[in-house]
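Structures are listed in the sections that come next.
In what comes next, subunit A is part of two complexes: it sits with subunit B in the first one and with subunit C in the second one.
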Partner chain A sequence: MGRILIQRVIDSAVVLWLASIVIFLLLRVLPGDPAQLLLGDIATPQAVAAKRHELGLDRSLPEQYLIFVESALRGDLGQSIRAQVPSVPYVLSRFPATLLLAGSSVGIAVLVGIPIGVLSATHRYSAASTVATGLAILAQSTPNYWLGLVLITVFAVALHWLPTSGYGTVQNLILPSVTLAFFLLGLIVRITRTEVLDVLGQDYVRTARAKGLPGAIVVWRHVLRNALIAVLTVIGLQVGALLGGAVITETVFAWPGLGYLTIQAVYQRDYPVVQTAVLLSVLIFVVINAFMDLLYVVVDPRVRYD
Partner chain B sequence: MTDQSRGRVRRAREAMTRRAFIRKAATLGAGIAGWQFMTGRSAARAATTAPRLKFGLSSPITTLDPRYSDTIQNDGIADTIYDQLLIRDFTTGRMTLAPRLATSWERTDKQTIQFRIRQGVVFANGEVVNAEAVKYSLDTVYQKSYGAVRAYLTPSIDAVEVVDESTVRVHTTAPDRAIITNLAALDVMPPKMGARLGRGMSTQAAGTGPYQVEEFVPSQSLKLHPYEKYWRQPKPRLGGIDISLIADDGTRTAALLAGDVLLVNNLPVDQIDRVRSSPKLKVLESVTSRCVYIGMREDRGPLKDVRVRQALNYAVDKAAIVKNILQGHAQVANSPLAPVIPFANPNLKPYPYSPAKAKELLSQAGYPSNFTLRFACPTGRYLGDRATGEAVAGYFNDVGVKVDFESPEWGVLSSEVFGKGPQSKYDIWLAAQSASSEDSLLRLRFHSSFNQRWMAYDDPEVDALIDAGLFTLDDNQARLIYYKAQERIVADAPWVFLHYVNSIFGADRSVQYTVRPDEYIFFHDTAIR
Partner chain C sequence: MSPQQTGPASAGPSVWRYLLRYPLGTAGLAVLTLTLIVALAAPALAPTDPYRQAIAYRLEPPGTVVNGHVAWLGSDHLGRDVWSRILYGSRLSLLISGVSVAGAAFVGVAVGLGTGYRGGWVDRAVMRVVDLYLAIPFILLALFVVALWGPTVPNIIATFIVTGWPPYVRLIRARVLVIRELQYVEAARALGQSTRCILSRHIFPNVVNPVMVVVSFQMAQILITEGALSFLGLGVQPPTPSWGNMLAEGRDYMGNAWWLTVLPGAAIVVCATAINVLGDALRDIFDPQLRSMRS
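After this line comes the complex of A and B, so read on.
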């Protein structure tokens, strides 16, 4: 187990390093000058040049990258060009909000989606199952932005049950997490249903039924654990993406998460902030993947790592 | 049952009770924490007595240091925390200058302005406002080593001298009539705190303005509370101000409609009627100096010819754009300087809409219908920008000019048009420019030493007029010079002059707030009835 862990850590470090090179190069290849954008179009070319020099952007790319790596190893990923604060705490301060939103959305999607998916598989020929599948497809096709504004208009503006936007209380969390959960809910219902249907057709399930085991136990002990492997993979990928920040939902609900911060930083070409945010996202993906791999071992006893 | 088993049962029961107890305690604790979390904020709010203003702002406040702020909204908020030597006053409808931390000013010679500093004003951290503080505040802007964003306002300053505790002299490299107006944009900041924190002033502030910082989360929210030692009348009338970022137009309007906020800026044009018709809300509006225009590279083929540029001005129905796209919330431009700016020329007429005249000029210039212009138009940066750009492209098509329309993201547009200059892939672009003084817009946009890279506009007579205007300290003479400069610029048509957009806010009817023509956000006189 220890050897696996060390291998994992090394792999993750390599992934992070490669990601840092990619994002570093991509940002500097992208048209748009952070100094020009900060000073505005009324700035003289001399002022822009002076600002570029101050930010170290007039040095050669390899030199800039080496400086970046050198500070990064000390935990310093640079200073935000706009906010003039160290970028690591600046980006990390947005993480709890993103974590809360992602966690609640996934929670809603999983707690509602899996039971619906299972039931629509076990009662596959019922009307409810067809309706559920249809609604799931609808949920997957509904645009985030539209749904968010509709929910705000109905529940906040018209009914005054919930606040329109913002962060801080449970009421603030409800509409954004429902909006974000929608797509994932649809996806989970459909995948769960497909997987469960597939497993229900297997021989060992027939054997279990033949043994006289009650339906619920068959589903729980034999079917679900096998069906969940595929579902877990999907959830893992989605959670990784959500933890990188759900830009549209965060913008619509003024939710102070990573997504909105990152997109603003991209528009402003605030290189240090974008780099920090992207590396944080990569790190999260890596951690989640590792976690998912561990979960597979729990869920599927056939899975072994050597 | 044996003793052993009885003991086992007893221990098992105790263990269960322990487990049950722990479970109950945890649930109770979680319940209390949850309850506190949910009600905590409302309890805290109930404790304050004066009403707080909740303000939904459309763009993030990234820094509290006005010297490095990047948007006019950011500037404006800083100007509530800090005071300036003097301010731009629009109560007469046209900009004049009124004293603030400076009680008076005079030109002791052509290159020196002397300011008398108000005594008895204290910064929120206890430091005193005096000549040293003013010197510090100006030094850290005009001296290039600081890299301040606002340095574009002070190119002519070469020294700031402390004469005595209450007197400061500002020296310029040449006579400069605009520098006093430009100083209205510079804030007076505490020198000891500034020297100690340096760039740390981006997250901490101690000013002399009516509201000081209670809590600041960069790019997210800013809470202000009234400054009990504020030196001016009226004393701050709000219990506090909660500024939160609500970037999405729809959500910001919804927040106002639902009563989550009492004031929003940048109210989208298509929501104005909805807000107006609500019994609890009202629309607050002001004219501004923000001139929306189509910039043109004068070194590209047909655009070299002034008749072509004039034709493009005649080709566009500017009144129709104002009426239909901006719903009347703008005024057709007759000059790059809007009427609120001193020395805006009221005698100039806007180019009338005349496709016939446009075609005539084009054929006179030898281009009846065979050229294409590559056009970059931003989306969502200025009020109605995309729709206006598309309308303009349509009008150009009507007179035979083909348009390759693109809407790149602003960073890309800016790097092409302003960065690459002569190698820009665009021939024309849509943008807007506001004027902090009569000099700034004309100089930075039309003087050949500034605009060469992005417009290649070079008219020696215009250059001479702009320079002469700056050096002319007598108002009446300066007025004539500026009128002539605008006349010349409009005739040269380096831009298609479109319109001046209004600044539109939405508010609860109980809010007393004045929208400013310079688009700064001042809370000095704001109150909730």
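After this line comes the complex of A and C, so read on.
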């Protein structure tokens, strides 16, 4: 257990380190001089040169990288060019909105998806099960930008029930979280269904049935607990990805989260903000990923990583 | 003496016979084939030139008579025929997703074979790079590439290849790790065959089948993501029609011309669903253990 933990931490650290190199290099190869961008077009060449020196842009790439890592470890990833504030707190200020959206959509998807998945496995040859499976595939084949636009057209433009975009009230939250939940719902229904089917075929389930336990108890006590391990892993990975910002959904609904901020920063060439947001989302993803792996080992003693 | 016969035979043509047992998968294949035919025959099928503008007939709803022909799916903000543009749009959408997926599979399979067979520190390093890819939000990586080199079709395809190979490495490597220990591989090694020959003749045929499953799921994903890039203004640039950029252009007229966004999006949904059900059937045929590939 201890060895697995150490191995996992080392692997995560390596991924983070590689990510820092990629992010560092990506921003260095992008067109446009950051010093010029900071000062605007009217700055004199002398002022730009001074700014370049101040930012360390006149040094060699390896030197710049070391400085970048050193300040990143101190929690300093530069200033937002647009907002003129330190980029780390600026990006973090958008995190609650992303957390709210991710939480509510995962909540919807889990509450609806797991029961449907279980029922469609226990009643696998029923018409309802076929419909559920079909809908799940459809959900995974539906682009969320399109679903978002269709929902806006129907519920905001035509019916005037809900606002098209915005943030702050429950009404604002409904359309974005339904849009985001839809894809997850398909995923959760499918995974739950296959996992439950898999467990239903195991010997110990047959034993439980053979000793006369009622079907419902077999399913809820013996099957579900084991099937949910894999479901949990998938949900965990999705949460990890969502917390980095649901770029498309947030853009469709102008939801002020990390994803929308990142896209705007890309358009505005606000590189320090892009850098911070991407690094933060990689960090979240890696940490959750490692955590899920460990959880897997803890929950299911049969799993061993060599 | 031909050691490769010791391994399970490649599925070959029997795949198609198996597929017929899955009505949904067969339907998916049929829809996909139809879309491919439509894409190839677009010039013959389209009622009008997809680029011809008719400002007098802009934003006409489906079924209106425009310039003497019926615009079954309406006209867009420049009076262009939406049906013709959807037909032509299928070309780019299929071309981009098809070529990208082929490229990504080629790179991923090659890397997976090499790293799985070789093992050791190379394998560890490659797998960390794969982890890295999975950790960086794909859409942001794509945005970077396209922002840097411009949203041309070759660049978009290159982006999908560069970002799409890691799942194949995971899949292939895991199987190579098992197969390289089998006796027939050991026999080939003992006979002095080159690594290249062992990989291509003895290992590759036995690991390649599940690749088709990932190919189909990824193709649906790329079809959807191509639209997402267009939606963010970084996809194929207008006036060339792709389903994604038609939808993105139609967004400004959402309030009074629903067909401009709903219909190209519906084309993506139909096509992606067809590919996904086909992928599901293939997965059931090839390897039930692949079921969690979707995540």
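FYI, the second predicted complex is superposed on the first by the 244 of 306 C-alpha atoms of A that agree within 3 Å, B and C clash if a C-alpha of one lies under 4 Å from a C-alpha of the other, contacts with A are read in each partner's own complex, and residues count from 1 in each chain.
Keep this in mind: a contact is a pair of C-beta atoms (placed from the backbone, for glycine too) under 8 Å apart; a residue touches a chain by one contact, two chains touch by 3 or more.
This structure is a prediction, so every number in the text was calculated from the model and none was measured.
Once chain A of one complex is fitted onto chain A of the other, the partner contacts of A:L242 are absent, as it touches neither subunit B nor subunit C.
In the superposition on chain A, A:G168 contacts subunit B only, with no contact to subunit C. In the superposed model, A:V157 lies in contact with both subunit B and subunit C. When the two structures are aligned on the shared chain, A:S141 is found in touch with subunit C, with no touch to subunit B. After overlaying the two complexes on the shared chain, residue contacts for A:D41 are found with subunit B alone; subunit C is out of touch.
In the superposition on chain A, A:T251 makes contact with both subunit B and subunit C. In the superposed model, A:S93 lies in contact with subunit B only, and not with subunit C.
After overlaying the two complexes on the shared chain, residue contacts for A:L149 are found with subunit B and with subunit C alike. Residues 30-31, 149, 152-153, 157, 251 of subunit A lie at the contact with subunit B in one complex and at the contact with subunit C in the other. By the touch rule above, subunit B contacts subunit A in their complex via residues 34, 37-38, 41, 60, 62-63, 65, 68, 70, 144, 147, 149, 151-152, 155, 199, 202-203, 217-221, 244-248, 250-251, 254-255, 257-260, 409-412, 414-419, 431, 433, 440, 444-445, 450, 453-454.
Across the complex, subunit B is touched by residues 30-33, 36-45, 47, 50-51, 54, 79-80, 82-85, 90, 93, 148-149, 152-153, 156-157, 160, 163-166, 168-171, 251-254, 256, 260-261, 264, 267-269 of subunit A. The part of subunit C that touches subunit A in the complex is made up of residues 24, 128-129, 131-132, 134-137, 139-140, 143-144, 147-148, 220, 224, 227-228, 231-232, 247, 251, 254-255, 258, 261-262, 265, 268-269, 272-273, 275-277, 280, 291-292, 294-295. Those residues of subunit A whose C-beta lies close enough to touch subunit C in the complex are 11, 14-15, 18-19, 22, 26, 29-31, 134, 137-138, 140-143, 145-146, 149-150, 152-153, 157, 187, 190-191, 194, 198, 230, 234, 237-238, 241, 244-245, 247-248, 251, 262-263, 266, 274, 278, 281-282, 285-286, 289.
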